[in-house]
Each structure stands twice: as structure tokens, then as C-alpha cells.
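In order of appearance the chains are A, B, C and D, and numbering begins at 1 in each one.
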């Protein structure tokens, strides 16, 4: 019954889209730059730091949306995102990197130059989808957010495809989760906070388990490369 | 009473599973089965003469409607004879062959009664759902019985092929039943509602369902294009089980075919052709391939294909004539009845022959006719039983095989002057006669390679136990009785067939003709006269006795066999079974020749069968290589996800 | 003379003819053959003398023989005797002729072959075994030809009873399919007599007498007589189909029947010295040719020609 | 009211506490007893829920946030049956497993803790009426079981675990995209932020969604949960994860974890079905057929028994997907197949676990039936039951879709697929069961419970096959409720 009593007044939300656009576009473009660094940096720490930067930008997006619309729980989103994505997850990643003592990622599956090309084409593809998908509900400002989130998602999945290092793949997953959050902020911003918290918890747990598994992989097979893991046959 | 039979079979199975004593486990299971079979015999005879029994077990969607109408009663009557006798035979056979050798027979004692029960169930149920259940139960239990000696590679392979084929048959049956059931309102599986549904179904189903159903029956019935499981499975099973397969399981699809064609579908020219033409083909092919075999059970298996072909041919011819014109109903009923009479006869002599191979197995542990020989001296009673069986199989007058084959030929020829539809019948009769001669060839080979000539292995004198011999002899006596008094059989078969062909009014014919009279003479308007057979059976022995008496107050001396100058019997001079009729093989060409993989192969396979089986194995192998798509590193599969996602989105953008 | 007495007389007469005529014809055959070879040859009654001599001899039974060996010749003999009662020879109807007896006659004839083969197989002698195998291989193919020709006759006449068939044939004769069929029947009869070039089951030159190797005394007599009888019965069937008119007349029936069969046996006797022996493969091939011809008659009969 | 709150608060709480306790108490006799009691209580509770849903009672609480209809209750019942079977089976099997892979016995506390959490998440997923919570819980099951898959800690297990985790997490993301799309559309049209969250609300508003968006969203949902359900061509993690996990976990994965994906798909399809067009049905059919053929054909030359069962799962998920292309009877059959397949596949995995325990390996075996008759026999019967032979209940759900198809060519293709699966799987298991005794050292030292549990599972399906009325009733209620 709680839901039905507390319907927030969002009727004017469509009207503020231009303002949101003004704030969000720079932030989103910055996120793309960090995304590129996260995926392509050979140094694991650089990737992790880029990830912190990207998460901060995401928090910025949340905050700006929260400040522009009368939607109080966006602040809570922003805070939880800040706690998990800027603090906990990078801490976990960095700690694992330190514990394993690895500096550089394993040799990637796709070489550098084709990889760059793939990155850029996926970015273009993401934005193209963002603007061309026949979704009548999307206002123009949100199309950019949507495109960005798709791009982040594509790049995240691409990162898992193109890189062989387990930790790198984990960071790409975090990156993917950022994309999801941006999407949620774009499309499902009115959902109750429980949903958001659930999704965030899942993300953190997933990353923790992946990091734990990658330490095990390192211990058992001697390297972090998941590309070489092929003991299982048909 | 039916419930008692069901219950007894289940109790037999349970006792067979849980009795502590290994020996008594199988004994009790077989004894209880035979008691149940005797009750079944009584019940079905009563139902055949009296009124049909209808019963329903459970309620709701899962209710089991049972009906013992005339046709079912006839089939169950026919079945219960091999049921009873094979069960009695098994008491001792299983003990001598397996228990004494220290083999655990629990699987047999569990499955055997259930196998009997399931076949009975298929005949009795009047619900498509339970038909499938009993059908599958039959497949399972028979599968477990086939793989009884699963230590042997060939037995496992045979069991597997059998299992697959019977599952395909079951799938087709399921398609038929379920398609029909999906047109019923309200949902129901009873035969009567399936019938209504069939008549309401669209045109493709009207034509397609009988075809699908008939193909399913082909598979289970071992009809030629899909027969290849049969010559593998029969030899693999223990002899008592092979006897039941040949005597009963082959007949179950014939019942279903008859029932479904007349009661659920309509008899059409198409269904007649689908029954008749494969029947003709399997008649010829089965008999042809029986000839070169050297494994006695494989020979009998092919022979089963051939003899079942006769039944299918007669049945199909009857359906064909009936569906062509209702005015030919009398001819149709005679053809169908002749087919069912042959079915009855086949259910008598084929189990007998299979159990005789069991006797031979007990005695010699061998099925190889190259090795066997001269057993007539060691096993005189078995050899007499075998001779009776073989002569019945050949159809020598006055044995029962003759009576039924003769009536098929006669009614077939009588119908062949009718019109165009009778061309297959006309061809079929000619080929049936041809197959008759082939039958003579392989039966004589079967008998003589086992019981006459010289043996290559040592056998101690003394026949097998009386419990084994008595059922065989009873079957033999039944063969002669039915050969001499075919009227008995026909007076049971006509009333069962008549309800399906209501145009023929048998009541009119039977008026004033009591049972005893019908033993001697069935209505004269049918071109079959029992008198004939009686005279035959009487005159031939009289002449024989006179001739023999004339010759035999004379002194007879026994002298050693002339050995062509050799001092001892040379076992190697025995003619090997595989080349008994080598001239035929060389005449018929390579398609007919047997491929010998190893010098002492147990299951010779004709090339024709391999042609049917091999491609599937190759296709399977090739398809199996699909597993290689699973080998790549993780990254590839993530990429597949990405590509799929992008393509779905592209689809969304494009439209 | 009422109808029943007539029937019984004619049938018994047929049986006697079947027993006594073939050995006589065999004697004639031997005489003619000898004449063609420019020999004097045995007397015409020689075959009957031979059989009589065998009848008074002791029986010798080999050690390994089964009971079949003992009874098979008599069984074959009795089946053939039964058949001879059924086959109408000198009168249109026979004593125990019922509806559709042609197939029965066919089966009874085959049964005798089977019994003879079983006797050979049961003798426990490998050579007899080989002989029996050859006999089976050959006679069964021969019988196939006979079956096809008889079916074509049945189909062409649209009847299954001997009596009806003869009546029908006498009305519609001459018909190509029936002529071919009866020719095939005669050919079969020739082969069944195990004359040259088809004397394979005995295979005297190769493996010392083959199927009858262990037989002696009365059994041998019964065996030989059965072979003669079978041939005779086939001939009787064929000649009456070829020339069915005389058979409806009781007075003319007997002499004309003897004449007809005599002519056939004469032809057989003249034919035999013309041939050299076949090997089994060649023999089988020629029998297959005969089968082919019988199938032609079958097709012709199906077409109503 | 009490039942509702007990279902929604007490039961999950109990499980959470049990999970914590089992981690804290550590492995021992006490833990075994506690777990058995708790799981037994859960099973009893789920039977109660199933009974209630049979009576037509739908429980809901917290403003419909949680709702237990027929579909939920049958899924809860399935998962609880599997859970208690896996638990009791694990008692001995995991000791064997731990000693085989050189792990600490004491560490099993973590195993049971994670097992309980997995069951908890599955339970929460089933009772949840919230599309987002559903997603969260499906993801959560992935996380906990990923750890359990890699419990052995050797290279193969880690590889399988990694593959499982990565693919599922990535795949499930798309499901979240789809869910958000539907949510935002409904929100945008109605202006009410809560209409797009609960399934019951979505069902009411699904008609207003614009078809293209709906198709796109449902495809994304199907793809996302399809990864979890192991539908081809998204199944890549499945054979590895199944075959490398400890047997009870394989049983759990094959039945309720893939079941989660199937459950989610079914839940969504039931909600969306009034508005779905032919595109979605076509996609379901294509995916169904791809899964059936790919899964079943891959079994042909397979030697590892667990991998065979894994591929068979793919095929069976294909059957579910295909059945659900034929609403509404297809939904009932799909739910029913979910139930049957879960129970039978779990029993098959547990039996293979017995084999592994007995012979120390799970490929190249033969002659089991002459060595251990009951084990071999039940293995064979279990496989036959799994492949839909009557009188086991899987028969209804495997051949049931034929009633809905009515198109002969589709029927024929379907039958060919099912037959390929039948031939492939029975061939391998017949090879395993029959034959002469092997000369392998056997470990006779395993308790009867490890054998009895799978047999009980098979018997359940046998009883439900002979008397299918309750199952039919529950599943029939599943798609309407």
C-alpha cells in the first residue's frame, strides 16, 4: 500500500529534460573517455583508477538529476552508488591486485589496434542504437543517456571478450554495472529504493566472488589468464 | 476375473523380486504367471462364447477402461495358450539354463509377468492414454528381458536397436493418439471419443494418422523395411522370451491394426494397401533371409518375419476388398479370418520351435547350426516335437500350417478374379506360394542341421526335463488338432471378426449349427471343409499303416553307416549350415549374401539389413561432432552474447 | 452303376494305375533308351521285377539313422497314394475331391518330396545329406514352377476344383496360358523323374548314389516307387489339362489316359539320351528358366489370355 | 494472514539464520541435524503452500510485493523437494568430495551455508511479485551457486565457475534492460511509477505498451533469462558448470537454478502473453528447436555422464521454451515439464554421483548393473523416465506439446528431436548399465541414503504419472493465476 500513497509528482519531469541534457552530456562523454581507459589500459591499477573516476562521474549524474528534479531518493541512489562503486568495489579490486602482486594484465586476446577500432565502433554503435531504437518514451535528453549506457554495456562486454586477464574482466564487469545504473537512472528512475539497493548489492557480491575466484585461478593455474583455461573438453 | 489376472501377474512380479530364495524366486514367478494365464484362458473363452466384459479401474482422466469384446477375447484366447505353456516351460528352463549356472535371474522373474500383463493390457484397454502406457511397459519389460544376458556385446547392441525401434513406434503411436485426443471435446482418451475425433478431424489428419499408425505397427510387427531389429533381438533374448515374442508380441500390433482400422479409423483402400503390400514384401524377404542363416534363432526370427507377413497380407487383402466394395464383405471376412487363423497357428508352432532352441541350448550351449547336428539321437522327444513344429511351419497336410495357408491361398485366389484392387492380392497369393516353398527349404534345414546328420560337439544322451518337454508336446498336439479340425478355429474366429464387418450375417449361417457340429463342418458356403482335413488325416495314416505292415514282419539288421571309406565319423565332413543352400545365394547375388565379419560370428547379418542400419550410425557420428562447438575459450562465448545482443537491437531498430 | 460306385471305382483304378503304370513305363523307357544306344536293353517288365526283388530283401538300417529314415519312404508313398485317389485320371470326378483340391494336391506332392528329403537327411550319412540337400534345392525350384503354372490355370479358369477346372478347360480350350502352364508341368514332371540331365540328387557318378545311399530292401522299393509315382501324377495332371475332353467319358477315359501318358513317357524316353548331364548350377539355371516361363503363363492368365 | 506473513517473513528469516548458523557452528553432527530439521520444515511448508494453491488460494502480502500463486507454489515445492534431497545426499557425498579434492572437512560449513542461501534466494525469487526483485534474486542465485560450482577448487572447477558467472551476469544484464524498458514505458504512459514494477500491475497495463517496444523488451528478457535457463545458443556455461560441480550442486543447478531462468521466462510470458505477437512465438520456437537439437545432438558422442545430463538439460529447456510458444495450454505443459524435468534430472545427477562415489570416475563405465543391481537399474529407469516414457509423469509434459502444435511438420521436427535425445542418452546409459563387471576398485562405503533419495524422486514421478490429476490441476492453475 505504501507505493500507492506516495506517488511523487513527476508531471513536470519531461519539461526539465533540456536542463538535464546540459548537465548529463558532458558527464556522459567523460564517462566514455574513462570507459576507454578502463578497457584498454594495460596496467591494472590504471584501469581501477579509471573505474573510480567513472563511478564518480556516475554519482555526479545521479546528483545532477537529483538536484534538477524533485526526486529525493536519487540522493540515496547517489550515496549508495558512491559508497559501493567509488569506495568498496575499487578497494576490493585494488586489494586483490596488491595481494596477487600483478602489475600488468595478461596478454589480451585481441591485439591493440583492432581493439581500439572495436572500441570506437562499439561506441558509435551504442549511440546509434541510443538514438535510433524505436522507443517513443525516450525524450531527446535521455536518448544520450540511453546511448551512453548502451555503449558502456557494449564496452564492458567487449572488454570481457577481448581481454584475457581475470581481474581485467572483473573490472569490465564493474564497468558494465555502471552502464546498468545509468540505464536505470534513465529509464527506471522512479523505482523504489529497494530495487536499487538490491541491484547494487548484487553487483558488489558478484565482483567480490569474481575477485575471489581470480585469486584461486591465479593460485591453481599460475596465471590470471582465463583464455588459457581450457581443461574442459566438449 | 480380469482384475484377478492383473493382480496375479503383479504378485508374481513382486514375489519374483523379493523372495529370499533365488531358485524359488523364478519358480514362483513362473508358476503364478501360468496360473494367471490359465485364468485368462478361461475368462477369454467365456467372453468369446458369452457376453463381453466391461470394466473400469480408477476414475477421472487416469481411469482405465477395459473391455473384453469378441476380438479381444479371441486374441487373448490365442495369447493365453503360449502364455500358459511358455510360463510352465520357463519354470525349468530358466533354472537349467541360468540358475544352475549361478546367474541372478531376478530381472527375469520381475519382468516376465509384467511383460505378459502389459501385452494383455494392450489388448484390453479402451483408452489411448493407457494404450500408450501398456505399450511402453511392454517395450520396457521386453527390453529388459532381451538384455538378460547383457554381458555379451551383441546382446546389448540388439537390445539397443530394439529399444530405439520400439520407442520410435511408441512415439508414432503417441502422435496418433494425442493428435486424436487433441480434437476431442471434452478432453478424453477413450476409444469411442477418439473415433468421434477422427471423424471430425481435418483432411490431412484423416489420411495421415492411419499412415502414421500403420507405420508404428510395422515397426513393432517386424514388417520389412523396419524389421531389422527383429533378427537381432529375438536371438538375444532367452528362449522362453523369444517364444513369447514370436508367439505373442508380434501379434499385438496386428490386433491394434485390426481394431483401429475397423473401430477408430475407417477401412480404406489406402490402409488395406499399407497392410497388404508390406505383408507381401516381408513374406518374401523374411523367408528368403531365413534360408542362409546358421544361427538357429536368427533363422526362426526371419521365419517369423515371413510368417507374420502372411498374416498381414491376408488382413490387408481383407481390408482392401472390404473397403473397395461392401458387397465383397464375405470374401473379406474369410480373408481376415484366414489371416487370424494363421496367426493362431503361428502362435502355436513358433513358440514351440523357439522353446526347442532353448532345449538345444540347455543341452549343448550352442545355437550355431554349423556345430550342432545329430541331436535326434540324444533328444528323441525334442526331435519329434521339432519335426511337428517344422512340418506345421512348412504347412504339410494335415498340420495346422497347411489349413491356414490353404485358406489364405484359396480365399486369395477366389478374390483375384474380382477387379483391379485384387491385383496386389493376386500377386500376393503367387508370392505366398513361393514363400511357402522357401519356408519348406529353411524349415528342413533347421530340422536337419540340428537333429540329423553328425554332431561336431559331444552331447550326452538323455532328453531335457519333462516340465520343459510337456508344454512343447502340448503345442505339437494342438498343432495337429487344429490341422485336422480347422473348423474349431474358424468357429471361434468368425464370431470375433464378424462385428467388424456387419454386412455378413453369421447368425444366419450358424443357426442350428452347434459347437460340436462346427468342429466337423463349418458352413458349406465357405470354401473350406473340415471334412477334407479329417479324411486327409485319416486316409494318409491308414495307407501308411498298410504299407508299413506289408513291409515289416521282415528281419531288419543294423549296420554301421557307410562313411565313404573313412574309418571314423569325420565331423568336418558335416555340411556347414551357412552353405546349405549356397546355390541359391550365388543365384540371388551379393545383396542376399551374408556378411561374415569374424569367422565365428554369432549374428550373421544380411547385407540388406546393414544397408538399413549403417547410414543412421554414420549420420549419428557426423552429428555427434557438433560437440566441438563447446570447446573454445570463454571469450568466444561472451562475444557470442555480445553479437546476439547487438543483432537483437539491430532487429529492433530495423523493425 | 450308381454315381458313388463309379467314383470309388475310378479312384481306386487311378490308384492302381499310379502304382503299376510308372514302373512299366520306366521299363519301356529303359528299353527305348537302350534301343537308341543300339543296345538290346532289359525286358520291359524289368523295373517291376527290380521292385519285386527289393520287396523280398532284408532291410539294412545304418547305425546313426533316425526314425525318419525308417518311416519317410512309406510316408511319401502313402501321401502319393492319397494324391492319386484325388487326381482325376480317367473320370472327371474323384472319390474325395472337394472344393479347391488343386492346392491340396500340390501340397501333397510337395510333401512327398519333403519326406523323401527328410529320409535322406535322417540317414546319418554325409553323402546322403549332400544328396538330400541337392534334391531339396532342385525340386523346390521345380515345384515353384509347378505352383506358378497351377495358379495360372486356377486363375484362368476361375475355379479351384479339379472337376470344375477340367470342365472349364474343355469349354475354353485351347488357351495359350493353359498350354504353356501344362507344358511347364510336363517339364517339371521330367525333372522330378531325375532323368538326365537332371539326375543330380542321386548323383551316382559323383557321390555314389546320394540320397538313397543307405536305403535297401523294401524301403528302397518304396522310395523308388514314390519317385515314379510323383512323376506320374504330375504327368497325369498335365495331360488331362492339355486334353480334357476324353476325361468326361468313362468308357473312353481309361484307354485314352493310358495312351496319353504313354506318349508323354515316350517323348521323355526319346529326350533323355539326347542330353548330357548338367552340373548343379546349370541345372538350377535351366529350372529357373522354366520358372520364368511359368511366370509368363501366370501373367498371361492374369491378363485373361 | 498468519500463513502469509509466516511465508514471507519467518521462513526466509529461518533460512537466513540457518545459513549463518551453519557457517558459524562449523561442520558436524549438530549442523546436520539442524539442517535436516529446517529443510524438512521447509518441505512441509512448501507442501502446505502447494496444497493451498490447489485449493485456489493465492497468498499475497506487503501490498502485493510478495505473491504466491500456483506457479510460485509449484516451483517452491519443486525446489524444496530438490533441496532436501540434495542436502541429505550431500551429507556423505561432500565428505567423499572433500577428501577427493583435498579440502578441509571443517570448511563444509561454508558449503551448507551457501546451499541454504541459494535455496533462500530461490524461495524469495519464487514468492516475489516484483519484476526487479525477481531479477535481483535470479542474479543472486548465480552468485551463490557460482561459488558452489567452483567448490572443488581445481582448475576445471574454476574454469566452469568463471564461465558460469561471467556469462550469467552478462546475460542477465540484458534481462534488466528489458525489465526497465517495460517499466519505463508503463510509467511514461500511466504516470504512475508503481504500475511497472509488480507483475500483477504489469499484467493489467501490458496492453498499452507499444508493440515494437514490447517485442524488443521481451526479446531482451528472454535472452537474459535464457542465459540462466541454458537455452541455446546461450547455453555455453551449462555443460561445464554441471559437469564440474559436486553432484548435489549439479542436481541443484540442473533443476532449480536453470529452473529459475525458466521460471522467470514463464512468469514474464504469462504476464506479457495477452500482448505478444507472432514474432515472440516464432523466436520461442526457434530457440526451443535450437536447444532441442543442439542439446540432444551434443549428447551423441559424449562419454562423461554428467555432461550428457547437462546437454540433456539444454534440450529439455528447449522443450519448455517450445511449449511456452503455445499459450495457454503450452504454459501449463511448460510448468509441468519444469517440475518433471527438475525432479528427474536431479535424481539422475544424484545417481551419477553415486557412480562417481563408487567407481571414482564418471566416464567409460560399464556393467554397473551386474556390479550394483539396484543402482544400475534405477539409473536406467531414471533415464528412461527422464526421456518421457510412460508411466512416468515426464511423459505428459514431453509429449503433451504435441497436442498444442497441430502442425504436422512442426510435430515431426519435434518428434525427431526428442527421438535423437532419447537415442543418444539411452545409448550411453545402457552402455553404462549393462555389460559384464568391470575390474575397477569399488568403494562400497556409501550409505543407503545416497541411493534411496534418487529412487524416491523417481517414485514421485512414477506416482504422479500413474495418477496425474494433482499435477495437472496445479499446472493448469499455473498459467491462469
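The working rule: a residue touches a chain if its C-beta (ideal position, glycine included) is under 8 Å from a C-beta of that chain, and two chains touch if they have at least 3 such contacts.
Keep in mind it's a predicted model, so treat the numbers as computed, not measured.
Trainee: Using the touch definition from the top, what's the fewest steps needed to get from chain C to chain D?
Mentor: Steps on the shortest route: 2.
Trainee: Which pair, B-C or A-D, has more C-beta contacts?
Mentor: The comparison resolves to B-C.
Trainee: Can you figure out the chain closest to the middle, judged by Cα centres?
Mentor: Chain closest to the assembly's C-alpha mean: B.
Trainee: For chain A versus chain C, what separation do you get between their C-alpha means, in angstrom?
Mentor: 101
Trainee: Just curious, how far off is chain C from chain B if you go by their C-alpha centres, in Å?
Mentor: Each chain's C-alpha centroid was found; their separation is 36 Å.
Trainee: Just how far, in Å, is the C-alpha centre of chain D from the one of chain A?
Mentor: 30
Trainee: Using mean CA coordinates as chain centres, what's the gap between chain B and chain D in Å?
Mentor: For chain B versus chain D, the centre distance works out to 43 Å.
Trainee: By the touch rule stated above, which residues of chain A touch at least two different other chains?
Mentor: 133-134, 157, 160, 226, 229-230, 234
Trainee: If a residue has to touch 2 or more other chains to count, which residues of chain D qualify?
Mentor: In chain D, 159, 162, 166, 170, 212, 216, 239, 298, 301-302 touch at least two other chains.
Trainee: Counting only residues that touch at least 2 other chains, which ones in chain B make the list?
Mentor: 627, 630, 634, 638, 641, 645, 649, 652, 655
Trainee: For each chain, which other chains does it touch, given as pairs?
Mentor: Touching chain pairs, listed by label, are A-B, A-D, B-C, B-D.
Trainee: If we count contacts the way the header does, which residues on chain B are in touch with chain A in the complex?
Mentor: For chain B paired with chain A, touching residues are 627-628, 630-636, 638-639, 641-642, 645-646, 649, 652-653, 655.
Trainee: Across the complex, what residues on chain D touch chain B?
Mentor: Touch list, chain D to chain B: 159, 162-163, 166-167, 170-171, 174, 212, 215-216, 219-220, 223, 227, 233-234, 236-237, 239, 294, 297-298, 300-302, 367, 369-370, 373, 377, 384, 389-391, 395, 399-400, 402-404, 406, 408, 411, 415, 418-420, 422-424, 426-427, 430-431, 434-436, 466-469, 472.
Trainee: In the complex formed with chain A, which residues of chain D make contact?
Mentor: Within the complex, chain D touches chain A at residues 63, 130, 132-133, 135-136, 139-140, 142-143, 146-147, 150, 153-156, 158-162, 165-166, 169-170, 173, 176-177, 179-181, 183-185, 187-189, 191-194, 196-197, 210, 212-213, 216, 239-240, 243-244, 298, 301-302, 307.
Trainee: Across the complex, what residues on chain B touch chain C?
Mentor: 374, 376-377, 380, 383, 387, 391, 394-397, 402, 406, 409-410, 413-414, 416-417, 423, 426, 429-430, 433-434, 436-438, 440-441, 444, 447-448, 451-454, 527, 529, 531-532, 535-536, 539-541, 543-544, 547-548, 550-552, 554-564, 569-570, 573-575, 580-581, 583-584, 586-587
Trainee: In the complex, go through chain C and note every residue touching chain B.
Mentor: For chain C paired with chain B, touching residues are 55, 58-68, 71, 74-75, 77-79, 81-82, 85, 96, 98-101, 103-104, 107-108, 110-111, 114, 117-118, 121-127, 129-130, 132-133, 136-137, 140-141, 143-144, 147-148, 151, 154-155, 158, 160, 207-208, 213-214, 217-219, 222, 280-281, 284-285, 288, 298, 302.
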